[in-house]
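Common to both upcoming complexes is chain A, partnered first by chain B, then by chain C.
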Partner chain A sequence: MLDLLQAILDGVMFGATYALIGIGFTLVFGVMHKINMAYAAASVGGAYCGLLVLVAFKGAPAWAVFLGAFAAGGVLGYLVYLACFHFIPLANPLATLMSTVGMLLLIDEIVVHTTDGMPQNYPAMFDDVMLRAGELSIRGDLLLIFGVGVACMAVLLALLYRTRLGLATRAVSQQPVAAQLCGIRVAQVNAATFVITGLLGGLAGALIGASVGALSPLLTVPLTVKGLIVTVIGGLGSIPGAIVAGLLVGGFENLFQQFRGVTERDLYVMLLLFAFLVFRPGGIFASGAGRD
Partner chain B sequence: MDFYYGLAQIIGVHTLLGLSAYIVLLTGQVSLAQAGFFAIGAYAAGMLTVLFGWPIVPALAVGAILGAIVACAVGFPALRVRGLMLVIATLAFGEGVRLFFFNFDYQIARGDIKVGPLGGEGFRQIRYFPENGWTTFEVMLFIWAIVAIVMAVLWWFDRSRYGAVLRAVGEDEVAAQSVGINLTAVKVSAMTIGGAVAGVGGGLYAHYTTHIEHTSFNILVATFAIAYPIVGGLASVFGTLAAVVFVQGFLVEGLRFLGDWRNLLFGALIVLAMNLRPDGLVDARVLGRLARVFRGVRRA
Partner chain C sequence: MKTLATAVAAALAAMALGLPSGAAAQERTVKIAGFGAKSGVVRSFGVNSEAALLAAAEEINKAGGIKLGDGAKGKIAVEFYDDRCNAEEGISVIRRIASADWVVAVGPTCSNVAEPLFGILQKKVEDAGDSGLQMPVFTDVAIKVGLAKISQWAFRNVPNEFTMYSSLFNFVRTEFPDVKSVYGGVEEDFAHSRATWYAVMKNRADANGFKVLGESKWLLNDTNFATQVREMKKADADAIAISAHPFTTCGVLKEMQRQGVKPKVLIGLTSSSSLETLEGCAKQAEGMIIPTSFAPVNPKALAAAKSTSKFKGNADLHSMAAWENVFILKQVMESEKVLAKPDTVAADRRKIRDGLAKLKTTDGLIGVSRRDTDGEAEKPYLFVRAKNGQWTVYHNPL
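Then we have the complex of A and B:
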């Protein structure tokens, strides 16, 4: 029983990173009704760029690396927008799907090329701290991930619901034409969405690197899949949904890793997804029988 | 010369993979499950020839039928959802199939070695072609004969009433439904045909590589399956063929002299191609121009 609780607890903590990645997918989908398949790759790419801080300043503290990843993620987000969305007509969803897949492969290859495919060690914070609550223990670095993840989500929600940019973003997501008629620059809002999700992604990438202890280009495809699953379970375009779904998937996955082994783990995550698709196709917080 | 025959085999099998996604894309559905049907065809055909000593053609036929049955079964629940939800549902199915084969053992002893699929080790020694003395050239001819048949059938579908119905559903579901088209029947039938084509392709793939494992059917393969028709354009089956030649012939083999840089260019060229030609390499205009040239030649 204790093992079970501990496994779920660790999983939920790590699930905060899935939640961050899921938010990135869901935000872009909400605003542009497009999937950005390159998002997880750009996040990991941002985390790699954070390592450049260590190259430039020997012995820089871990938070400086995280900050570097945060900034680099934003830049990468903008580049992805320019390369994959800006010049392609909006009415062509297949073309942007494909261009972002191309971008995913490109970012992966740039990473492999510059690091010779070797996994890179990633600095962690609080990895020697162990909190105890009765019989249960909480790893300090996982707690940091969870804390930063929750803080990011709070900032994002404030940004969306308390600022003019957030108002414009929500307007574009509801009615792009009407928003344009009100004088909102749609292209600018779209670009801003990509920069914001990119910033989040860079941070998520750095947190993942810190908790795993190393970064590897092999992370991108599983992260893309998990992020998409979180997006669907949470309901497309729903930020609270993505947060809850991320934590749920994290806990669920770690539970089955504990009891069924690492090779079967993802099979159960897929089953969870199928259960949601069949019984709640609109996601966790769906109001009615909303599909698509 | 064998190198070029080998390349032609790869292009042939990938064309089948692309065509299986092509027919589903015509109805406006993006399916990432094609790698799953490809895997089912590959394992089924491989097991029939290796473990039960079947000849290749019936083994491929069984692979195709199994692919079609599974595709039909997946089609009914999965096509209830649309758009991004379908992409992810089919992606989850494809990954589920891969993980199934990752945990799948079925070995029997033949002589002093054991043959058959063995979980993460994969399925080795699918040696039907070498054991029966087929040369690389003959294998290539066999593969391309099948590709030609499948392309001819799909091309004929495209020009028939059925093709018009598929495209009508792809263009506008509500309009198609309002003229009395049964959306579910159309989508599931397209999915079933796609599953059969992917099953045949998988069977051929298992036999020319002689070794398959679960990583041969990962998301990247599923992505390639939809990439071919999208990069090539949905105007005609020849778009898919052109895209496979562009990707496998030019991007993968043609740029080999660039060494490491080839992989970098690969993604960049796909991004560039979609920016410059969002409707695919062979879109309706190119097709019209080709048709005019062709007609002009015939008249002269």
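Then we have the complex of A and C:
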């Protein structure tokens, strides 16, 4: 019983990494009603760029690398917007979807060619901290990721509901034509959304690299898949939904692994997704007419 | 006069057109195709193999090239194809190589490519009813046990993991008499690592008197190993053998450090005795013992490693097999009198195949390898241990 509880707890804490990625996916969808398939790849790319801080300043602390990844993520987010959305007719959903798939592959290959596919050691914070609650233990670095996820959610919600940018973003997501008629520059709002999600993505990529201990191009596709699953289960466009779903998916993953082994684990995660799509297609926090 | 002028002009024109002069006719190109994973996450293997092939070819060419069957000299030309560690791509690549004028192919990187690829080669040489490809393939990296016997056109210069791990567990038994039990960690979805744990490590540990307490499993893309390492901790084995490639090996080792799992002996997979492991987790891998068929333990090996690095590759047991392959092929081509002419490609391929099949021993970088009738090699090996961020020779049975 204790093993089971610990496995679920480990999974829930690791699910915080999925939640961070899910927030980015869901935010873009919430604003533009489009899926950015390149989000996880750009997050990992931002994390790789964060390592340049170590190249420039040997022995730099982990937080400096995270800051570098944060900034690089924002730049990458803007580049993804330019390449995959700005010049492509948004009325054609397939065009933007395929362009982001192409961008995912491009970023992946750039990373592989630059690093020869070699994993890169990633600095971490609190990775040697293990908090104990009786017989149960919680990793300090995963608790940090969870905390960052909650903080990001709070900041994003404050941004969306307490700032002019947030007001404009909500207007564009609900009625882009009407928003334009009111003088809101839709392209600027969309670009800002990508920069903001990019900043978050860079930080997410860095924290994920830190929790794994190394960055590798192997991370890109699994994070994309998990991010999409979390986005759908949480509710497309719902930021709190992404957090809850991320933790749920992480927990269920470990639960399935405990009972059915690692080779069947992903099967059951997909079945969980299908169950949500059939019985609750809007996700846990299915929104009404508007979006977060 | 006019006739002489015309003749001189014609001769000059012929020379300009590149018609062979006496000297030029003595040198031809011997085309060796390399192929392996040059993209995707195992790209480093393909990069290193290509570098080793190019370095070996350069060394042979500088020394005069290959002596061909009619006395001419052959300079080696190498081109490396990317099979993306994907079976369909690998088969497509070998068909493309076979349809061109390459006389032999060196590769592939991945065992999941090698197995189906060998399957499309002609199985038995004298079987006229078998329309399989008649192309000699000389593998440098794909190491899963027992693949070369699939076809008589397939040959490998890869270490025999069964022999190496048998020797390693025997060594551990004598060197660490208090080590009685072994627990495994295995990458379930990669052909090499999976086969090596179940068919080799587990088997050999048991055969050497160790109690195998079980194994934890994960996938190549996994990043969370908490449950698996907890199983390891619970098993409390004296030795832990990790049959996984560098990325997940490092992930597991880092989790082991977090959970305070410290076995008396730590054993790794052959492919993890690489720079990748040390760059990912040198501290956590400290003390890990791995059997390998290459280490820079003599001037020849050192020189090969240095030459390979000039082509931006790293020397390890896999890439140095590619180096050895080129020199073995030189020896075979000279003994079988390969001609390397455009109209002798099929005959040259057959000669190379026959020559490789006849070999009983070959000279390797750290010693002599024996060759068996299945086209496999019995290579010399030694044990390396991760120490202070380097792979150092721990035990040299040579």
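By definition in this document, the second predicted complex is superposed on the first by the 284 of 292 C-alpha atoms of A that agree within 3 Å, B and C clash if a C-alpha of one lies under 4 Å from a C-alpha of the other, contacts with A are read in each partner's own complex, and residues count from 1 in each chain.
FYI, contacts are C-beta pairs under 8 Å (C-beta built on N, C-alpha and C of every residue); 3 or more make two chains touch, one makes a residue touch a chain.
No experiment lies behind these values; they were computed from the predicted model shown.
When the two structures are aligned on the shared chain, A:117 is found in touch with chain C, with no touch to chain B. Look at A:164: by the touch rule set out above, it reaches neither chain B nor chain C.
Contacts of A:217 after superposition on the shared chain: chain C is touched, whereas chain B is not. After overlaying the two complexes on the shared chain, residue contacts for A:109 are found with chain B and with chain C alike. Using the contact criterion defined above for the overlaid structures, shared-chain residue A:132 touches neither chain B nor chain C, since it reaches no partner.
Residue contacts after overlaying the shared chain place A:29 against chain B, while chain C stays out of touching range.
Once the two structures are overlaid, the count of chain A residues touched is higher for B than for its counterpart among chain B and chain C. By the touch criterion stated above, A:232 is placed in contact with chain B alone, chain C being left untouched.
Applying the stated contact rule after C-alpha superposition, one finds that A:58 touches neither chain B nor chain C. Chain A residues in contact with chain B (one complex) as well as with chain C (other complex) are 109, 112-113, 221, 263.
Taken in their complex, chain C has these residues touching chain A: 39-44, 47, 188-189, 217-224, 226-228, 230, 246-247, 250-251, 254, 258, 275-276, 279-281. Interface of chain B with chain A (complex): residues 25, 30, 77-78, 80-85, 87-89, 91-93, 95-96, 99-100, 102-103, 120, 218-220, 223, 226-227, 230-231, 260, 263-264, 266-271, 273-275, 278-279. Contact residues on chain A toward chain B in their complex (touch as defined above): 29, 35, 83-84, 87-89, 92, 94-99, 101-110, 112-113, 221, 224-225, 228-229, 231-232, 236, 263-264, 266-267, 270-271, 273-274, 277-278, 281, 291-292.
Partner chain C is touched in their complex by these residues of chain A: 3, 6-7, 10-11, 14, 109, 112-113, 116-121, 127-128, 130, 139, 208, 211-214, 216-219, 221-222, 254, 257-258, 261-263.
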